[in-house]
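Structures given as structure tokens follow.
Next come two complexes built around subunit A: one with subunit B, the other with subunit C.
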Partner chain A sequence: MFLIFKRLWQVNWAEQWQYRANLVMYLLYWLVSPIIYLAVWTSIATSKGDVNGFTANDFVTYYMILLIVDQMTSNIIIHIFGYKIQDGSLSGELIKPIHPMLTNTLVNDIAFKTLNLMWLVPIWLALAFVFKPDFSSVTLGGILFALPAIVLGYFINFLLSGAITSLAFWTTRVFSIHEFYYALILVFAGQFVPLKLMPELVQTIARFLPFQLFMYLPIQMIQGKLSTNEIMQGYFTGMIWLVVALTLFTFTWRRGVRRFSAVGA
Partner chain B sequence: MSPTITVQNLSKTYQVPEREGGFSAAVKGFFKRKYKDVKAVQEVNFSIEQGEVVGFLGPNGAGKTTTLKMLAGLLHPTGGSANVLGFTPWELKPEYLRSMTLVMGQRNRLSWDIPAADSYLLNQAIYRIPDEEYKKTYKELDELLELEPLMKKPVRNLSLGERMKCEIAVGLLHRPKVLFLDEPTIGLDITGQARIREFLREYNKRTGATILLTSHYMADVTALCERIIIIHHGQLKYDGGIGDLSRRIAPFKLIGVLLAGSNGHNLSVYGEPIQNEEDAEKVYIQVKAEDVTTVTSRMLAELPIADISISDPPIENVIERAFNE
Partner chain C sequence: MLSGAKHLRSRLRLFAYRLRVTQMKNMHTLKLLSAFLKVNIQMAVAYRADTVVNILLNLMWLGWELLTLSIIFSNTETIGGWGFGELIALLGVFRLVNTLMIALIWPNTEKFNQSIRDGSMDYTILQPVNSMFLVTFSRITVWRIWDLVLAIVLIVIGINISGDFVTPLHILTFILLALSGVIIIYSLWIVLIALTFWFTRFDNNVTILQALLDAGRYPSTVYPVWLRIIITFLVPIAVATTVPLQALRGELDATRIVMFLTIGVASFVLASRVWKAGLKRYSGASS
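So, the complex of A and B:
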């Protein structure tokens, strides 16, 4: 199995390099919204002194960390897999003795992510030069706490996206369903605004949803803003959602493949 | 020993959505879709022994590819059963997938952007081929197909024939016991076709693999298969030796003529005119093989002929004709 992943990595990594120009364009597009949130919130915080205890520097560091965390926990499988179902090119992968989504697509997504993070470094440094964040509250301990949360967030997100992508077996409108999923992330993962500044009700809902692991929780862990209790709670909800996401994915995937082979692969 | 492939009453009916054009039909279709049943394969029975090379023939839309896809596990049948190497194909058991291969002209196992060598190594890992065995198999495939010069180039830069060679070889790295080949020589020139054919014959001899192949080229089938199975409109029409088939169907030849000057001649007096899209300039007529000499000399005498050729009719026409008679 290790050898399969190693070879998959070599192939997918080489493939991603072929599309590096494409990738830079994607990255620039992706950067726009967090940078706008960063700029808007910092200017508000600067003029008012703080927003509910969030200072301008809190916002700057929040969004600077978000740029990295979001890049790590997000995925593009709807784009790299959805069309394979629709145009039938999945056939070739289905008759290989490995799971198409949990091997090839997973590795392809990670290769994409890794290359993106490489391009992000210079951009991130330039932004840091402009916004001058003060990272003094960031500790090594916080980062170590956040790493498993990021991995957990990535896999939950991957499996949920995978379940939605599998809907392409039934409908061609799968992209719009996925857009709705993005909208949920925007609100409940704390991209639009850090969750702490949301109404109490939204915060309560967010605590029961998986999305806060995609951005808010790891960011706050790195910033050293969470109590041990909150961290444990976050991990606990995350583990439950990992099981839920895996179940959802397996269910839609199996039903989908059966349907695929019924209507004509 | 039980046969390698057994197919019993295998059937596949597709439900194809159907609606008329226009706005109101579109709205109606949104709420209630109408479906039409298309019977692609109907109660087909056959069995194939280990080591046999069988040609699977039929006109377009006869159900060849559907049958092949069911045997490879890609399609669930709507009725009947199939057993290949002791497995039910559509359960997609990894052990089954590791012991067969499906090569379909357009579906590629090779990644477009990177050299074939990388895809080969990936397949070595996926099919768990030990290094020693991989090297041995690769060497054999290289001897037969001369792969080495193609391995380092990105697949997108290979010619169609080169790519087809790489596609077939990558599907054989794991030494499958059963090969399903859908049009393995499609789009290749004569030398390319001959080379693939020769290779398949050699592979069959060396490994004792069972091969079921579809092809549009009569030459593929006559060169490789002692036995052919013909299906037409989803039903099995013939299963037997290739020699018996030509005896059963009166053998035909195609005469192609290029006329000098005007085109006003009525050629249907010599035989049945045939459409040939590949060569629109020439006019083709189909005649019984035993009449070829007489008809040709008559035509040469009576028509202003610039060019004339005699060839085998495409297999589709032979079959179409055989079952329409």
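So, the complex of A and C:
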């Protein structure tokens, strides 16, 4: 099994490496929103002193950490895999004795992510030079607490996106469904603003959803802003959702593949 | 004396003839435009369910945009010197520009890049119509037109909430500046895709435009200086969003209004020059 992953990594890394120039454009595109939010909220915090306890520096560090965390927990499965189902090129992969989504696509996504993170380093340093974040509240303990949350967030997101991508077996409008999923992430993950500044109702719903593990919880752990109780609660909800996501994914995938063969035959 | 009158008459006849030719050309262009619209409406009707889903998604994003504004203003009264009503109006103006992008610029860029790759650009150039016109209007995402209505509603509501005093002159300058802002962005787009004639492997030609578009959601006064410079001079998103609204609020003096309008005209002239020069460079995909 390890050998398979090693070989897949070599192939997918080489594949992503071909697109390195395109990746920079993609990164620039993806960077703009967080920087805009950073500018908006720091300008408000500077004029008022603080926003509900968040100082200008809190916002700067929040979005600077968000750039890294978001890159780590997000995925591009719908783009890697959606077309394969629609144009039938999935057939070739189905013959192989390994799960197409949980091996090849997973490794391809991680290769994409690694390359992005490599590009992000110089850009991030340049931004840090411009915005001068003060990271004094960040502790090693906070980062260690956050790492498992990031991994958990990544896998929940991967499995949920995988389940949605599998809907392509039934409908051609899978990209619209994915757009809706993306909107849910925007609202409940804390990309626009730290969840604490959202309306009470949104916060309550967010506590029962997995999305805050994608950005808000890991960022706040790194910033050292969460109590042990909140961290435990976050992990607990996350574990439940990991099971839910895995079930949803296996269900849609199995049903979908069966359907796919039926059409192809 | 007589010959003078004759001369004048023939000059007049020539003028009338030229006028008719331009009229016919304009008629021709209008007819083409309506034909393009017809084809694209038919496409939208053929994919009815998609159109409905897209409209629903669009409403969802509007809801999200209004939610973000309400969150911002539950924490502050002004942002960059602008109030809640003004940001609603700005959202309207932003959506105008955004609609232009989504309904016209992105689909036609896709088609253009494709036509450069496979050489079908040859056929576009051979048509007896202005090629810039063809490249701009051959694809139109028709259902987006309702977005224009929505944008205008947002602008009107926003101005009402803000309680700003608006004169007819302000409205006129607003419309003119919004138009010239859109023309400036359009010209930049023409230049960017024309660059493909020089550098064929330039598929990312519009990413920079797409990326910075979101900066138009907020008044440019919020941003740090370097970002403000970029979105005002390099990729002038702010010129099409913040600036017209400033005119509507009566914040711009006559010199600046004239300056922005001149830049609008100049950039269009420049863009069509670049386009023509690019066409001369074009040699087809096979050679």
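By definition in this document, the second predicted complex is superposed on the first by the 264 of 265 C-alpha atoms of A that agree within 3 Å, B and C clash if a C-alpha of one lies under 4 Å from a C-alpha of the other, contacts with A are read in each partner's own complex, and residues count from 1 in each chain.
Following the convention adopted for this analysis, a residue touches a chain if its C-beta (ideal position, glycine included) is under 8 Å from a C-beta of that chain, and two chains touch if they have at least 3 such contacts.
Just so you know, these numbers come straight off a predicted model, no measurement behind them.
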First (subunit B), second (subunit C), both or neither touched by A:173: second
First, second, both or neither for A:258, with subunit B first and subunit C second: first
Touching partner for A:29 - first (subunit B), second (subunit C), both, neither: second
Subunit B versus subunit C as contact partner of A:20, first or second or both or neither: neither
First, second, both or neither for A:130, with subunit B first and subunit C second: second
Which of subunit B and subunit C A:95 touches, first, second, both or neither: first
Touching partner for A:7 - first (subunit B), second (subunit C), both, neither: first
Contacts on subunit A seen with subunit B and repeated with subunit C across the two complexes: none
Subunit A-facing residues of subunit C, complex: 49-50, 53-54, 57, 60-61, 64, 67-68, 71-72, 74-76, 78-80, 204, 207-208, 210-212, 214-215, 217-218, 222-224, 226-227
Residues of subunit A touching subunit B in the complex: 3-4, 6-8, 10-11, 14-15, 18-19, 89, 91-92, 94-98, 258, 261-265
In the complex with subunit C, residue positions of subunit A that touch it: 22, 25-26, 28-29, 31-33, 35-36, 39-40, 43-44, 47-48, 51-52, 130, 173, 176, 179-180, 183, 186-187, 192-193, 197-199
Subunit A-touching residues of subunit B, taken from the complex the two chains share: 14-15, 66, 69, 72-76, 90, 92, 94-95, 97-98, 102, 104, 107-109, 111, 113-114, 118-119, 121-122, 124-127
